[in-house]
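In the two complexes below, chain A is the common chain; its partner is chain B in one and chain C in the other.
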Partner chain A sequence: MTARVLLLVAALAIAAALPSLVGEFWVTLLTQIMIFGLLALSADLLLGHAGLFSLCHAAFFAVAAYTTAILQVRHGVSTALAAPAGILAGTILSFVFAFAVRTRGVYFILITLAFGYIIWGVAYRWASFTGGDNGVTNVPFPAIGGLRVAGPTQYYYVVLVAVVLIALAYRVLITSPFGLTLRGIKSSESRMRSLGYDVGSHLYVAFVLSGLIASIAGVLYVYYNRFINPVAASFPVSLEAVLMAIVGGTGTILGPFLGSGIILVLRNWVSGFFHYYTAVLGIVFIVTVLFAPQGIMGLVARWRAGNRGEGA
Partner chain B sequence: MSPAAIAVDHLSKVFGGLRAVDDASLSVASGERRVLIGPNGAGKTTLFNCIAGTLQPTSGRVLLFGDDISRLAENRRAARGMGRTFQISNVFADLTVFENLMLSIIGADGRKWIMHRPVSRFTAERAQALDSLVKVGLADRADETVKFLSYGERRQLELALALNVDPKVLLLDEPCAGLSPSERQRFSQLVAGLPRAITLMMIEHDIDIALALADRVTVLHHGKIILDGTPDEVRANAQVREVYFGRA
Partner chain C sequence: MLAPPGASFALFLRSFMSGVILQAINGISLAALLFLLASGFTLTFGLMRVVNMAYGAYYLLGGYIGYSVARRTGSFELAILCGGLTIVVLGFFVDRFLIRPIGHNHLAQVLLTVGVAFVIGEVCLAIWGGDNLRVAIPPWLRGGMELPGGLFYPKYRLALIVLGTSTAILLWLLYHKTHIGAVVRAGVDDREMVNATGINVDRLFALVSALASFLAGLAGVVGGAFLTLNPGAEWDILVLALVVVIVGGLGSLEGAILGSIIVGLLDAYGRWLLPEFSYFVLFGPMAVLLLFRATGIFGKEQ
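Moving on, here comes the complex of A and B:
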């Protein structure tokens, strides 16, 4: 246990020191990795714990981002109000979309896919409100009271603190009785019912919490990107969030962030010299599913079990 | 007279053209041990599923201590004191034994919604979980992941889960299926040792175990109840001997 705390402190110290060690390109990329890692983490609350494969998390992400951007840019609302309003808007949407938990399996995937397309369609077509293809530009860096974020490096720290706090809260959530009920549902829904659980309401609440985290990621994103357009609401964003969790390891906290790191580094690096970046991404997913279905965290767990002589 | 613990009133369940349960009526007194027997396909599990709420009957009613529960969802029936085990062990294979028990302990109240405190801090519940493990003879396996348990151990765990719900009525669907003869012996003793405050309804294929445990026996054949009587009456009944034991 203390070893884990030490490891965490060391990791945080490295994360805090990084901006003075690497250039702005990497600081920006790391910020992006943390934000999309958070989005992947939100989708993984459903996938890794409750066993639901959602394809609409870009919707909460984008609605939160648009809300904050529109309030701040067009209506001059301060960050202190625009950011919480964005989180609230995304979460309210998740209250509606959470009705998807009445379905399971491929029907759940399809209905969340459809939900995601609705939001993308609105963002794209309702141009008078969303700016259409051009989106909302000139989002300023966040400022609360007299505290103003001055540049990408400072914003990196803002995101780092937010992500660490959410990850700690998430850890409490998944180790709590409520978190246990989700894993129970994933393992045997019929047994849960015969123990007296109203499975639907637990999944509903999990869905809303998941939407809340995705919304926070969306607000962090809009201040990072300083611009929002329908791409943020598009299907690939939802899909990649889930795939990041799978590559890194579902049902873990670190996994979605590792997956985000791998995919975003690949995208930034490979797309520099290779046109078929998405093909490389496809190969990464195929290799993961075939050889490491539990993702990187699964490999780590297996390696550690092997070292303790427990066999793989 | 106090109402029956379980009363089934003209219950039928139809799957397409098949009448799996056909106009079945029975009444199990509080504290009674009732065993359902019948050949494969007689409709025993279907009747169980209608009583537990896993299936909705096509017609007829189910009463729990006089209350009509026919329209209640399965989890609502569990909350009213209906525990069950399944024909094929239904436990949480990916979780530890302790986590399985924790879920069975907190299912009935608001503790299942707690989000801000890790399960590991629930020491009273842990003690309760260990206690229930002792009762079913699994005391040393609390931190094992269930998928590493033997089949017999899963049966024991499943019984502990069902008992932690604090059932007034416990439905056991072939609890001894798949167990070795010695495990069967142990398990039927475990069932026999349950407190009389729990009304038992049990499906059992092993006729010796069934007749030894039962106060009364209900015999199903092609979805119909063909006999409802004491173990001695069942042994003596010619029709039961024919459908169940085959012609001598």
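Moving on, here comes the complex of A and C:
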């Protein structure tokens, strides 16, 4: 336990020192990795802990981002109000979409996919409000009172602090009785039901919390990206979030961030010399499913079990 | 100066009514196309419990192949045949070597087949580029014809309705009136039992899968002649097909027929009356339906 705490402190120290060690390109990329890692973490609350495969998390992400951007850019609302409003809007949406937990399995996958398309369609077609294809541009860096973020490096620290706080809260959540109940539902819903747990309410609350985290990621994203367009709400974003969680390892906290790092570094690297990045992404999907369904964290766990002589 | 209010209202009513009728035919012709794609998806799900998200990409690739064949040979019929058969071969390899090893895990199936769709989509982009392409319509289907009531309507779309309807009837007969259909229906209800009676379920699966693939490729060619073929079209059409099977009920042929008609009409009227919210018109009712009946109209509880 103390070893893990030490490791965590060391990792945080490195994360805090990184901007002075690497160039601005990497600082920007790392910020992006943390934001999408957070989105992947939110999807993994459902996937890794409740066993529900959601394909609509880009919706909360985008609604939060659009709300914040529209308030801040068009109505001149300050960050102190626009950011919470964005998170609120995304979370309210998740209260509605959370009714999807009435379904299971393939129906849940397909209904959330359709939900995601509604939001994408509205963002794309309702051009008078959302700006259509062009979206909302010229989002400023966040500023609260006299505190003003001046550049990518400072924003990196804002995102780092937010991500660390959320990861800690997330840890409390998944080790709480609530989190353990979710795990129970994942491994056997009928058993939990017969033990008297209200399965539906637990899944509903988990869905809303998941939407809340995705909304926070959305607000962090809009201040990072400085503009927002319908691409953020599109199906590939939801899908990539789930893939990141799976590549890194579902049911863990580090996994989604690892997965986000792998996918985004891969994208940056491949795009440099190969035009057809999506094909590479597709191959990553296929390889992951066929050869590493438990992700990187699963491989690590297997390797450690092997070292202790527990491996089969 | 101004026409009397009664006359202008009559004029409005007249143009509105012809709009209603035109959109109904638009909706039904889209329904015919969606049925071709959705029937394959729903049958393979019903029989093999496979969620194959690559059907959209099958549609697009089939369409592109049809486009090239039609350009070279000028034959629409040959285009349909080549588009369909290419997808049969491709679908066989995807089923046999990628989907089968992972078993009945829907999550893994979705991820894997989306990966396949991404690869196919990028290959198409590399070969056919990013422009909007359209399969050449055979001369005898070009132009419009007059419908009773004085409306002009493209012949091709009417032909599509005929094709969709006859495919639906043939599939229905195959499914309900033949020996193969009986075995497939038995397989949908209880695969192990069918296997135990000595029927080669593997061969049956391959047969249904080949039929579904052929329909997807065929849909791409006939759809590519009135919708355009372009990168991203595979997801647009797949999502519509998914709504069809969700509304109708996964695994049900009747559901695919009814679902196609509902989705086709909702899409046509949604685009016409509420263009900014047409996706909402399409997905909203579906979401409400699913909340009350999670398995769709004809779906069976699992």
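Quick notes on this structure:
The definition used in the following text is that the second predicted complex is superposed on the first by the 311 of 312 C-alpha atoms of A that agree within 3 Å, B and C clash if a C-alpha of one lies under 4 Å from a C-alpha of the other, contacts with A are read in each partner's own complex, and residues count from 1 in each chain.
To be clear about the criterion, contacts are C-beta pairs under 8 Å (C-beta built on N, C-alpha and C of every residue); 3 or more make two chains touch, one makes a residue touch a chain.
None of the values given here were measured: they were computed from a predicted structure.
In the overlay built on the shared chain, the residue A:Arg302 is in contact with neither chain B nor chain C. Comparing chain B with chain C, more residues of chain A are touched by C.
Of the two partner chains placed by superposition, only chain C is touched by A:Phe285; chain B is not.
In the overlay built on the shared chain, the residue A:Arg267 is in contact with neither chain B nor chain C.
Applying the stated contact rule after C-alpha superposition, one finds that A:Arg226 touches neither chain B nor chain C. In the superposed pair of complexes, A:Ser188 makes contact with chain B only, with no contact to chain C. Touch criterion met: A:Thr175 reaches chain B, while chain C stays clear of it.
Contacts of A:Gly196 after superposition: chain B is touched, whereas chain C is not reached.
Comparing which residues of chain A touch chain B with which touch chain C, the overlap is empty.
Chain A contributes residues 172-173, 175-181, 183-184, 186-188, 190-199, 202, 205 to its touches with chain B in the complex.
Across the interface of their complex, chain A is touched by residues 45, 51, 98, 101-102, 106-108, 110-112, 114-119, 121-123, 125-126, 235, 239, 242-243, 246, 250, 275-280, 282-284, 286-287, 290-291, 294-295, 302 of chain C.
Listing the residues of chain B that touch chain A in their complex gives 52, 54, 73-75, 78-79, 83-84, 86, 90-95, 99, 102-104, 106-108, 111-120, 122, 161-162, 165. By the touch rule above, chain A contacts chain C in their complex via residues 47, 53, 99, 102-103, 105-107, 109-111, 113-115, 117-118, 120-122, 125-128, 235, 239, 242-243, 246, 275-276, 278-279, 281-286, 288-290, 293.
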